[in-house]
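What follows is a short report on a single structure.
For clarity, chains are labelled A, B, C and D in written order, and residue numbers in each chain start from 1.
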Amino acid sequence: MMSGSKLLEVQNLQLALPDRSRSRLFGQVPETKILTDISLVINEGESLGIVGESGSGKTSLGRTILRLHEPTGGKLIFQGKDITHLSEKHLKSFRKDIQMIFQDPQSSLNPRHQIRVILSQPLSTLGHVESKAEADRITRVVLERVGLSHDFRKRYPHELSGGERQRIGIARAIMLRPKLIVADEIVSGLDVSTQARILNLLQGLKRDLNLALIFISHDLAVVRHLCDRLLVLRNGEVVESGKVRRIFRSPKSAYTKHLLSAVPLPKIEPDWLIGNPSMDSSEMSNELGEKRTMENKFEVSNCTAIVTGANRGIGREFVEALVGQGAQKVYACARNIDSLDDLVTKHSDKVQAIKLDITNDEDIANAADSCTDINLLINNAGINRLQAFIAADSMSGAQEEMQTNYFGTLSMCRAFAPILRKNGGGAIVNILSILARVNLPLMGSLCASKSAALSMTQGVRAELTKQGTAVLAVMPGAVDTDMSRDFPPPKMPPAQVAKDTLSALQSGEEELYCGDMASGVAQGLAGDPKAVEKEFAGYLPG
Amino acid sequence: MNAVLDVQNLYLGVSQKRHYSPILNGVNLEIQRSQIHGLVGESGAGKSMLAKAILGILPSSTTIDKGYIHFKGNDLVGMPRYERRQLASRHIAMIPQDPMTSLNPVRRVGNQLGDVLRLHMKLNRTLAQERVLELLNDVQIRDPKRVVHQYPFELSGGMRQRVLIAMAFSCKPELIIADEPTTALDVTVQRQILQLIKQLQSETGTSVLFISHDLGVIAKICDHVSILHTGNVVEMQSAVNLFQNPRHEYTQNLLEITSHYYRFENTD
Amino acid sequence: MSEPTRSGRVHLSSLVRTWLGGIVIGLLILIAIFAPWIAPHDPLKQDLFSGLMAPFWLDNHDPAYLLGTDSLGRDVLSRLIYGTQIALVVAFIAASLAALLGTVLGLLAGYYGGWLDTVVSRLVEIWMAFPPVLLSIVLVAVIGTGLHSVVIAIVIIDWTRFCRVVRAETLVQREQEYISSAVSIGFERWTILWREILPNVLPLLVTLLTLEMGIAVIVEAILSFVGLSVSSDQATWGGLIQEGRQYVHSAWWVMSLPMICIIIAVLAFNALGDGLRTILDPVMRK
Amino acid sequence: MSFPFLLRRLVLVIPTLIGVSIIVFVLLRVVPGDPIMMMIPPGATEDDIDHLRQLYGLDKPILEQYLVWFSEVLKGDFGTSISLRQDVVELILSRLPATIELAVAAMFISVILGTSLALIGTFWSNQWPETIVDGFTGLNQAIPDFLWGLIFILAFGVLWPLLPVSGRIDPRINLDLVSQFYIVESLIRGEFSVFLTLIKHMIMPAIALALPLTAVIARSLKASLRETMTQDYIRMAQVKGFGPWRILIVEALRNAMIPTVALSGVQFNFLLGGTVLIERIFSYPGIGNMSIGAVIDRDLPLIQGLIITFAILFIVTNLVIDMSYRTLNPRVRNE
């Protein structure tokens, strides 16, 4: 299931709580800042991890999202509606959609109530289930869903083990089929094997119920398994955010690196204890101050862009999206310049057509000469073929694919990087394919060219980041264009790819997986590559 | 024989309302001199009971039914209580699990450390005070002169664990039992504490029994590892061998779960 | 690390004590109800010729007066039996009313906090500054003697016991995560107080209530002792003590017997209360 | 002990005292309607009543009455006693030292005895000493101080006459002490025979007063000692090889005392209040005894003065308890 529309948006959230330990004889109780200026977005069905060490404010953030603390600044927008200061009465309709699983299952279940009562309470308050029999039926179903027998209905919380209590916590949270669940450190204090079972349960529920999940934890390993995106928190501030994979592979902030390197992996590493694990706090705070300039975010409005392969599919949608988001000028390129006529007539003031075959060096040189004002390069052009390695014509086909998909893209980057640098930095977007990450029979050459292009993109990024140019690799899955006609539905509309890409640019991402099956692949890669291949096999024709 | 501590065929159980349930079923454990010996097990495996049996602080409902604990040429199990306490408290120290609750909250840090020195090292008050400052310095506490006058609640968790480590090493013990000493700490602090324990251990040559449920931590600090499962040591190997070539099925399982759990690309 | 043998033993003995307390209280209730049929004599009937008779185990006793007589020749046993009525009525009514008042204020103050809490806490603090015995004596002196005055005095003085404890416990419970959980499933504040917090405060409350019944028995005795309780021709334990005290040198038993009655009643209430808390608490019950 | 804390506590005392004064006033003037009815001797005429009414300003509006009375109180003037025809403040001051000596002695006994019992019960827990301690505290919670007083009189005054049962001092002794603090002064002057008779007179009322509080302290302290003994730092001390008594007293006792001290504030109030009956029973010449007399005599100004005095005593005691709480608990010490 693909992440859908925006579910919850947190804008510049601030929280300060009164600190009684510092209260004076007269006057107001002084406040301690817990959270400063936190922004995040979570889409439907997506899971967001929030990690941080003790005192980072991660628990407070979760509780504030549920309005268990009153925010002192900023906004909470749920499904487009501002709920920051909604009264408890008006909040009721949202409470149904946002539920929480608490850290301490012991204290979060009322010791005086039987499980039956604890579970059916939400039904009567928010679910409008009046009949007892109906409530009973739902309770049984949900208990079964979280892997407990319905005998548990008659038990008291203190009669359960830690893992069972946490299952009850989960059951209570899903009673009302919410859209978002905030899970606060729900597996800390449990054995590793119990942890794994609880996490599996949660992952299954998330998939089956299309839940969005905010998963708060101090344990990076846990978050790694469950989440799509990650927010690293320190002293109430966001230190780093982005795709989980990206952060684990190439953390930008020194603090995140430090955090990651401190996790002891179960293998012998004689050097792990040597070196200087302690991190100077002044170094850390400098880094916090600089982090905004280090991250290369790109502003789409007022940009000047060049888009290759703009005559159809994703490329065409890029041109439309850029114009729509206020780009100053867009150079639309295609091998056959006539195929761009309708785009140019539609946006005559903004779009200029350029004839460009990316396998032709002369074309590229010409384009670089005429487009000296650009700060965004979108390499979309590419070809794909369905052919077996051992097929008669496969060598020439492989060469052709390599020529376009790899060398073509590389030439473009080489030609335009100096221009971007001269213009004070910008961004390069290489549209690759999810195939860069997985192999697929009959598409071996294509996969090779795409993954070569991905590696090249990573190299380009390493080189250009220092020059102020952001480099984004976009790896779409099945997209509804004529190029993916061999794939079965569902397919993502190409316009969505363009939109997601532009917003990823604005938030400084480095990798983007979009399109049906792409995010599944991204998740699957985290766990079991073989399983991904199996899943992928379904997309093969024949 | 080069073993500091030799536990042989130890049976131990708890009686509850006339119902007896065994906890350890013939445990064998041998800790070599100047080594960090890991003891791994999930909760309920009996690892803290084993630690308590060695330290001689078993709750009254728990009894040792069979077996020996050889330490410094004595069998701790058969020894009279008083002598045993004398021997164990002098030569076996402990680093506890939760630094937040393991220091007396109403007594100054310096006094708590000083008392131990005066009891076992027979130092007078002034000498003890000087030694306390040295010890705090050894565990890399920045401002020892200030810290000795502070109360535990004024220190962070990591600092408290440093104080407790100083306390454990203070009387130059033969053996230190570290019972999940980093479980309650943040990962970054955990790394510092592990480093500190390793450093002090190699400087002093003390043996350490390092109890943990976390194979990651064990991999980083231990020379030898014993795996405890349902009251039995199912495997005892050098750490290098254990992680490369686990022999027992339970160990293999545990290692697989943990490795799966910790699959990070950045270390590939 | 709990020691199971120990908790097992305590559990057993506390169960025994609960039963013992309950049985004694039950007996006292029966005695109070059936006083007219049990009592061998009219408690008010004077017989000046047989004053200060000794109880049965001493010489100089009259088999007609099992526990002897007071200075006016009234039967001590009958007076003790009728005294049970007053003691129990005061205990049940006064303690319940004090509990009601104190609990409501304590719950509201603890849960809602803010100005309400400030006012209630301040009020309790002021109340605590009064010496309780003196205040009760003054109160009864002001509003006049009689059963209702005794009850009113006890309620006015002892509501703070409930209020303090219930407020403190409510504050503790309010911080528990299950309250956050109740908020997040959209419970109204009033419902949370009623359905989530109150059941958790209840065991404590029941214990306090039974303890307070014991205290009420004592306060009634104190007031009778000072001569400010119900009218002097009604038989009360405290009145009997006061009377016996005047002849303590010649007839010490007149004072001792009602004292024993009071101690037994209070012990029974206390035992019942301690036991009930264990039984009512599902966590402790395990 | 930080000065701002003391200041804050003292500032907070003011509203409490004002509250006490208001309630005393309202209680005695408003509730039953007419305080004069409380004062009048049987057979008084209408004229007498009117005269009294004017004398005490009772014909004025209630608020004005209060303000007049309270401003006098602030000046230290509680009026004149009706029954004793003496200045109320003078009367109270002459009797107060006796009560203070008694109460302090009782508090001292209960703290020492309660702590010892708790330590004994914890050290030999699950053995017969604990059973005895438990039995003692259980019994004591059922026997109020005035019953103890009567039991003592019966036992040591009547059945086995060992101790004097009334008064503060043997009336045959010729006293030439200048202050009312007899015990303190006799000790300072070295008059031990006087001191001894004083103690003999005081011992029964003091113990009777002390026993209920002893039970509370023993029970609560034992419970928190028991809890404390399971803490990790106690286990650490055992591992380090400290002796059991040392662990109990040096490591555990101070921690265990913190909750006990926190709850004993109220209990000290009960002890102070207990002096009223105990002094009556033992004919001990303190303000407690005086208050019952005042109520019987319907002596309005004296009752008011006495209640306020008790309130001040309570506030002072609580201040002391609060400060010892802060001394014991380093966490709150420097706030």
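Simple rule for what comes next: a contact is a pair of C-beta atoms (placed from the backbone, for glycine too) under 8 Å apart; a residue touches a chain by one contact, two chains touch by 3 or more.
Just so we're clear, the structure is a prediction, and the values are computed from it rather than from any experiment.
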Query raised in the report: Taking each chain's centre as the average of its Cα atoms, which chain lies closest to the overall Cα centroid?
Result: B
Query raised in the report: C-D versus A-C: which has more C-beta pairs touching?
Result: C-D
Report summary line: Max Cα-centre separation from subunit C goes to chain A
**Report entry** Where subunit A and subunit D are represented by their mean Cα positions, the distance between them in whole Å
**Finding:** 68
Requested in this report: Could you please state the distance in Å, as a whole number, between where the Cα atoms of subunit A are centred and where those of subunit C are centred?
Outcome: 65
Report task. Could you give the separation in Å between the centres of subunit C and subunit D, each centre being the mean of its C-alpha atoms? Result -> 22
Query raised in the report: Could you state the distance in Å from the CA-based centre of subunit A to that of subunit B?
Result: 42
Query raised in the report: Can you list the subunit B residues in contact with two or more other chains?
Result: none
Report summary line: Expected list for subunit C, residues touching two or more other chains, is 1
Report summary line: Within subunit D, the set of residues that touch 2 or more other chains is none
Query raised in the report: Quick one: in the complex, what on subunit D touches subunit B?
Result: 231-233, 235-242, 251, 254-255, 258, 328-331
Query raised in the report: subunit D touches which residues of subunit C in the complex?
Result: 1-2, 6, 122-123, 125-126, 128-135, 137-139, 141-144, 164, 214, 218, 222, 225-226, 241, 245, 248-249, 252, 255-256, 259, 262-263, 266-267, 270
Query - subunit C contact footprint on subunit A (complex, rising order) - result: 63, 66, 68, 88, 91-92, 95-96, 98-100, 102-104, 107-113, 121-122, 125-126, 156, 158-159, 172, 176
Query - Touch list for subunit B against partner subunit A, complex - result: 42-43, 157, 186-192, 194-195, 198, 213-221, 239-240, 243-244, 254-255, 257-267
Query raised in the report: Which of the residues in subunit C come into contact with subunit A in the complex?
Result: 176-178, 180-189, 191, 196, 199-200, 202, 282-283, 286
